[in-house]
Amino acid sequence: MQAKTFIRMSGLGGQGVVTAAHILGSAAVRSGLLSTVNPFFGAEKRLAPAESYVRISSQTIHERGEVLFPDIIMIFHPHVITLGKSYTMPFFDGLQKQGKIIINAPEPLPLNESERAQLAALNARLYYISATRLALEIAGTELSSNIAMLGALIAVTDLVSQQALEEALAERFGGTKKFVASGTTAALDDVLKSKFTKLAQLMDKNIALIEQAKSSIQEHVI
Amino acid sequence: MYVAAKVDENKCNGCKLCIWSCPDPNVIILHPNKKVSINQSRCKGCGLCVIACKREALSIDS
Amino acid sequence: MITQKIVDPDYLFFQSERSKMFITGSEAVSEAIKRANVDMAIAYPITPQSESMHLVGDLYAEGYLKDYFRGENEFSVMSAVAGAAMGGVRVFTATGGPGTMRAFEMFPTWAGARLPVVCAFFTRGVNSPLTIQPDTIEMAYMLDTGIMIFHAENAQDLYDMLLKAFVIAEQPEVHIPVGVFADGFFVTHTRDEVSTAPADLKLPAYDPYSSPVPVMDMNNVPLRQMRDPFVMKSNFISYAAHASWQQEVAAAAQRARRYIDHYLGGLVESENPGADIMIVASGTAVSQGRAAIIAAAGEGIDVGLLKIKCLRPFPTEEIKALTRHCKAIIVPEFNRIGWLAREIKAVVEDNSKVVDGPRVFGGMTMPTEMILESIRRCSA
Amino acid sequence: MAIPQYRVLPGPEGYLPPAAAGMGVILPRKKDEALVEGAIVTREEAMEKAAEKLLSAKKPYIFPGPLVLWNWKEGVAEKAQAIIALAKAANAGIIPMPDYRPKYPMINPAVEINPNHPNLTIWHNKIDVCVFVGVHCHYANVALKIIRGGTDCYTIAFCAEMGHEDAMISFREMGLAEIKQLTDLITRKKGESR
Amino acid sequence: MKSDLWQISPGFEEVMPAEYRELVDNGPFGKKLGVADMGTFKELLEEHPLCAGCGLALSLRLTLIALPNPEDTIIVGATGCSSLAFPQVSVHNIHSLFGNQNAVATGLKRALSLRFPGQVKDVVVIAGDGATCDIGLEAVVHSWFRGEKLATIMLDNEAYANTGGQESGMSRIGTVLNMAPQGKKFSKVNFPEIAKAAGCAYVAVAEPSRPKRLEQAVRRAILVAREIGPAYVQLFTPCPTNYKFKPSETLSLIKKREQEGVFQTMEYLSPEAEAYIKQIEEAKR
């Protein structure tokens, strides 16, 4: 793994980009790495553009705020691209060489000529996963799309182990401790927990989802 | 004070109406003989006590 | 609620075994307050502060605090905090941005009334159009209210500074408020590793009778006591009393220096102090500066850093000494007006070497590259 | 330019003197230390100096504040007695500061002192050495600065907490034993000079 | 309060100025005195700088005498004429700013409840009409919404008097005052009704020409605030200086208003407050 990996997660409000970032950061810390995680700074509500950022490194991380030059971009909803629901347009700007893009969409999105050229010049790799469909099928709720996205991420990177990811997941939803990114995420945590009859069920189904996501991710040749 | 209230002890019956009408503390004192006296150096001469007194025992001295 | 043991502040801060938590700045506030033996907290929501006072509310529900409520606006909250402090309890609140502005009349009043209130400020823009984004402009207005001002770089600083602020503020010869400032979102909403003391330890309680002014409880003398009367009327004697009073509040902040040195390890902290180019910064700008130093080293440019932890009292002598040798002083800031650059220019011996900026504001992140650009220009 | 160490000396220093704490005068860190004219010395040295000042004064006065004037908690009565004994030994007068309110309409400088305008009392009684004791720190500091600005009175502060930079002699953590110690010293010195 | 707080340390009796010795020997602490005893004891209020014939000063004087437990009363005031008298009041009292008095009192009352559980510590707010009805409205009404156990007393002189006679929300419609050069264009705010609606368990309007009724209103308010909930007393305190009538007419003006039917006293007690007051007053008999 390279010394520093900066990840930008873009999605729509309520999709769990902030929670995904938290779980990924926790997994990195559990793996003995250093991490900082922060959300996009907005009073964003449901379905408005939302972003969060994860920095993972083996060395001290000083930078704060938005990730302007990501190594990995994760797109949680096709509307981020197709409807331009993103405040970081043009979307791929800042992506580093050999960067990776993971998009939650049932089928490849129509990228235009200049976008394809931009990605090709960066030698970027583009992946698709139908994360929301998998979340509905396996976990029974679209609120688990973010977990499917994390499954996809560990399939194409060696940032954190699946075990660390599962532990981080259990920590986030397992205990009685409230994790607070914002007042609204705390409320959504409770909604998510209410979708599962038992915590064990939440964990089992989401672990199955991670497994399925790992095998479902597909690379799209640019 | 240039203007201060004074008491006619002969008319005073110690009813305390003047004391209750005075905006300043401990200016009108009631003595055991049921007569009031006025601390002239602290009286502001507003005349409220003069109006309050039903026996015309008080007056403003200037 | 965990049963907590009262320990000496030095033990809590320096000797107790620490453990690491992966938490946001807001959660770091809660961890600090949990160990601070706070009697009472008063809350009012404002982004990006709200989460921290939600969590303090949870501490109250668990039994760590004896009282907690939501006030009706920031001015009232800061007023209620003043009332509680005059009643002799240890009290905490937090606000930021427009909330700071709404409450502003209270801050000089806190200082003048010698209240050891600790308040966290999570900075955000205050202009129209409305913004919730990080911007440190409110700190410029706060600098001369008479309260002490600490500026946290990250969640770790926030945790440490808040806990230590109570101890510093409550020293009998200090006894003025402390504002612990942290950059909204960059600190409040950023999750980071924070090392904390065991949760079963807490600070000793506040002793209101060591206050330099009488506590308003009708249980101490003098009974004929008003806090704080207009020192009556227009004459030289009254002016002298007012002037002396103001000087005394400023003197109290000077007396805090030794405690800031002891507990925070100094008003400033430096990295690579011999370098020709120095970055002088406070808050999140310090972190961005650290990243820029690493990047500059990669290009063979030697850059040092001076982190200002305490802005009031201002580390005049420290800054003078640590910048005397260098050729350029870069002052990165998260506000348009450059209040820190002004402060630095006023104290360094040759202020022509102070570089105004770089600055971002309105919520922007300051890319490392922006500071690196300034470094390159200075080294050319 | 090197600025010499600021000294806290009898005034009148002027229209608006600075706070000594803002001029680099630092309160002593140790219990057995004190301040004399802005410099840290041992408590014993400061006691010597205070005894000398009180004994050589033409009109020494002790200004007891509310914390000792009112018998509000354990130990105060003894302290009050010790202060009265000190006054006797030093042949000093006692003028109280019963509280801190700005007085209306006027202060009677012959019988009291007020922290908002202490100079009235000092001028009126021609006090050349004074001792503050039992005054809350904030009000002591406010008053001590005003005195230094407008009078030539030599100020001595007994502080139960950390002390007062604006006094010419400042004792910290001054308790009953220390007050008695100073009284004994004064009595001894008086005997020697006879 | 501890009974020794108002005791001079042995040996210092002689040097204490007379006004303090009088307070110790003949003051009201621990004696349960009231308006009936006026003129015979040393009051909590010392000589003050308010105007001759000031209705506010008289009301403040009567209010201080009416305090049921002065030895355990802390007063919170606000900027205004009354704050000029407060330095001369012999109980702990706070002046913070203009309009924040009920917020300060909220913090203070809660702090004292924490520090002195089960003990009487009456926090009484005494402020003018501008501070209560205008600039401090939010803090006042919210302290009532929250059910803070405070007695709030408005000294209503129907103007901003300390700043030179400007119109306030409590001025009467049509009154020409500074900042209302064409006469006030809206009615006097019906604050007692607001107080009731906001949750006060006790509301009264009183005036200083009937000192015993004023005393009863203040006492009841403080007692209700101690045990039941927020209490509000509005005292009509005419201002001869800014309303430009003779200082000797302050009290007759109140009577005149009553005769004209434009001023009346009132008292409201919630059922709980009524039961509580009844219980106390019967126990006294």
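Should a chain be cited, it is by its letter among A, B, C, D and E, assigned in written order, with residues numbered from 1 in that chain.
Following the convention adopted for this analysis, a contact is a pair of C-beta atoms (placed from the backbone, for glycine too) under 8 Å apart; a residue touches a chain by one contact, two chains touch by 3 or more.
Every value quoted in this text rests on a predicted model; they were computed, and no experiment measured them.
Shared contact partners of subunit A and subunit E, listed by label, are C.
Number of steps on the shortest path from subunit B to subunit C, with steps defined by chain touch: 2.
Using the average of C-alpha coordinates as each chain's centre, A ends up farthest from subunit E. Averaging Cα coordinates per chain and for the whole protein, the chain whose average falls nearest the overall one is C. Ranked by distance of CA centroids from subunit C, the top chain is B. Taking A-C and C-E together, the pair of chains sharing more C-beta contacts is C-E. Once the centre of each chain is set as its mean CA position, subunit D and subunit E turn out to be 39 Å apart. Our note on geometry: subunit B versus subunit D, Cα centroid distance of 45 Å, whole angstroms. Between subunit B and subunit E the centroid-to-centroid distance comes to 25 Å (mean Cα coordinates, whole Å).
Contact of a single residue of subunit E with at least two other chains is seen at positions 2, 5-6, 46-49, 87-88. The set of subunit C residues that touch two or more partner chains comprises 214, 220-221, 223-226, 229-230, 232.
Inter-chain contacts, as defined above, occur between A-C, B-E, C-D, C-E, D-E. On subunit C, the positions that touch subunit D within their shared complex are 114, 171-173, 175, 210-214, 220-226, 229-232, 237-238, 240-241, 243-245, 247-248, 250-252, 254-255, 258.
Of all residues in subunit D, those touching subunit C in their complex are 16, 18-22, 26-27, 29, 66-67, 69-70, 72, 98-102, 104, 115-117, 119-120, 136-139, 141-143, 145-146, 149-150, 161-163, 165. On the side of subunit E, the complex with subunit D involves touching residues 2, 4-12, 15-17, 20, 46-49, 87-88. In the complex of the two chains, the subunit D residues touching subunit E come out as 64, 68-73, 76-77, 79-81, 84, 94-96, 98, 101-105, 108, 111-112.
By the touch criterion stated above, subunit B contacts subunit E in their complex at residues 16, 19-26, 28-30, 36, 42, 44-48, 50-52.
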